[in-house]
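First subunit A sits with subunit B, and in the next complex the same chain sits with subunit C.
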Partner chain A sequence: MDILLQIIIPLVLLILGYLSGSYLEKRHYQSIRERERKMLHVPLVTFGAKQTLPKAHEAQLFVGTVVISIDYFKKISAMLRNLVGGRIKVYESLLDRGRREALLRMKEDAMAWGATQVLNVRLETATIGGRSGGSTDPGSVEVIAYGTGIR
Partner chain B sequence: MLTAILSKYKKPKKVPEGNVSAHHPLTNFAYLLGTVLIVSLLILWTLGLFAQWVATQISPETESQIGEMLLPMLLSEEEAIVDDKRIQYLEGLLASLPQSDESIRLPLTLHLVDSEVINAAISVGGHVFIHTALLKEVESENELAFILGHELGHFQAYDPVKSLGRSLVFIVGFMAVGFGTSETGGIPDIVSLTGNMTQLSYSRTQEEDADLYGLYRIINRYGHGGQSLDFFKRLDEASREQGKLRLRLSQYFSSHPLSKDRINYLKEVAEEKGWDMEGQLTPLPKWIACPNMEFCDLDEEEGEKGKE
Partner chain C sequence: MILTTLEGVPGKTIMEHYGLVQGSTIRAKHIGKDIMAGFKNIVGGELKGYTELLQDSRKEAIERMVQQAEELEANAVVNIRFATSSVAQGAAELFAYGTAVKVE
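Coming up: the complex of A and B.
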């Protein structure tokens, strides 16, 4: 019975994680693509230190943050990957979603304010809710995007 | 106006996509799980074989010390029966089994265990455990001698030390990877489980060899192999029936997986070697199921068996 539980519980969690995780991911990507298309006309531009910045009346900092949790399926996949090495493909889409969502949230704010461009955008990531004890295992990932909106 | 309508039906501008690896998560997962399972099992299997070999190299003195260390784990004080005439009888029976020129690397210690579970086992260091429930179920000395011979066969083949060596590798191996601990869930549990299952019992070959050893000693002692396998036949039949015996038998079957195949295998070998498998039954001492072999009030059916 004990042995049975040891197999069944993780298996149920795995299936649940896969089903809900992939459903949510699919839905999230749909929303990301739709919103990106709508906001395509406001460019994100980067200028070097010696380049002249475009003329603007006003400038303001805009920040977009998002925290996305991994699901059990991704977690186990990554754990197995940790043993053998190589690309953790299941995390790639997770981070991709994080970055694009953070940029979108920043851009949404900037556009609501009336920005024509967003300058020198930067991205940061952090892990949240990893296991204690110095494990590198992320529980969820936070992505922060920030840039200067001008109008 | 026209442009507004046209723009509505214009192909939407393509949004640049990130360069996330194209893959199906499930195939990826299956590949990973397969690799990890196969590789870890291969490594553990090799290490296990190595540990088995190392285990057979330890000196009898070391083995005896390890046996002393393990003893409290295998036998609790309340369960152990001491000062019982049955122990002397069983020790005598056990000592009569090996051939005269056969050397036993350690003195064997017989422990009588007060238990409702039918079981017999031998552990590292030559500790033989006989459960009282077993004494209630055996019907002849031939049967009992075969069980003892089987356990002695395991000991002579270094099976208990080998098994110990193997389980040590599994335990250390899983601890090294951090598996099997409560904080990890999921797949690692399955990995450790596969390890557990392989060390649950002796291998089939080990069991068969112990069987052969036992039977050969029985032939030597009694001149025939008759009746000695009857206990196992009864177990085999009882295991297929529902009843209280089944529950008590489960333990014996988990450590001594017994099937018709094994009995048949013994019969085949006996035929090949021309061993006599028919012969007189040697009765058990009266009241073998009772403390000190003195009359006691057993259950009706078990009392019948105790008499002869």
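Coming up: the complex of A and C.
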């Protein structure tokens, strides 16, 4: 009985994680793509520090942050990946979502202010340990995107 | 106070440099948010509680940096950068730094 429970619980978590994780990811990607398309006319650029400054009346700092959690399925599949090596696709999509979401949030703020361009955009990523703490697996990733909006 | 990630302020010229200013803050998560996060670690998705926490601490780090700049009588901070690190289990440090300048 005990052994059965030990197998069933992780299995249920795995299925739950896979279903909700992939559903949330799909929905998130959909919203990211939609918003990115809507905001294409305001360029984000990573240069700006070592170039002559563009003509503008005002400049302001804009920041976007997001913390995204992994799901149980991603965790287990990454653990298995660790045995054989290679690309961990489930983490790649996680980080990709995080970065794009943070950039979008920054851009939304900047556009609400009336920015025509966002210059010198920088990205900063950090992992926040899972509840187990101290382990190397990221419980969640935190992304900060920041740049200077000009108008 | 004008804050930018550029090396100057568009439309203005830098009159004087006052050097590096910085602000940092370390925040611990609280247990309610932690339990929610534990659950979210199974199903995935955004951790809104943590995002808010980070936003608050980021604002505070900027505030402290601005305070330092004000003490130096600067009116802008240029070339701002952010950094994060997890110092202890369950706590995150957020760090902002830049160069205080006077622009006209």
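Miscellaneous remarks
Everything that follows uses one rule, which is that the second predicted complex is superposed on the first by the 144 of 151 C-alpha atoms of A that agree within 3 Å, B and C clash if a C-alpha of one lies under 4 Å from a C-alpha of the other, contacts with A are read in each partner's own complex, and residues count from 1 in each chain.
Going forward, contacts are C-beta pairs under 8 Å (C-beta built on N, C-alpha and C of every residue); 3 or more make two chains touch, one makes a residue touch a chain.
Since the structure is predicted, the reported quantities are computational estimates derived from the model, not experimental observations.
Of the two partner chains placed by superposition, subunit B and subunit C are both touched by A:72.
Between subunit B and subunit C, C touches the greater number of residues of subunit A. Look at A:24: by the touch rule set out above, it reaches subunit C but stays clear of subunit B. Using the contact criterion defined above for the overlaid structures, shared-chain residue A:40 touches subunit B, although it does not reach subunit C.
Of the two partner chains placed by the overlay, only subunit B lies in contact with A:89; subunit C stays clear of it.
In the superposed model, A:114 lies in contact with neither subunit B nor subunit C. Once the two complexes are overlaid on the shared chain, A:13 sits against subunit B and subunit C alike.
Overlap of the subunit B and subunit C interfaces on subunit A comprises residues 13, 72, 74-75, 131. Of all residues in subunit A, those touching subunit B in their complex are 3, 6-7, 9-10, 13-14, 18, 22, 33, 36-37, 40, 72-77, 79-81, 83-84, 87, 89-90, 92-93, 96, 99-100, 131. Residues of subunit B that touch subunit A in their complex: 12-13, 15, 18, 20-21, 23, 25-26, 28-29, 32-33, 35-36, 39, 177, 183-190, 193, 196. Considering their complex, residues 2-11, 34, 37-38, 40-47, 50-51, 54-55, 58, 62, 79-86, 89-90, 92 of subunit C touch subunit A.
On subunit A, the positions that touch subunit C within their shared complex are 13, 16-17, 20-21, 24-25, 28, 48-50, 53-61, 63, 65-72, 74-75, 101, 119-122, 124, 126-131, 133-134, 139-140, 142, 144, 146-148, 150.
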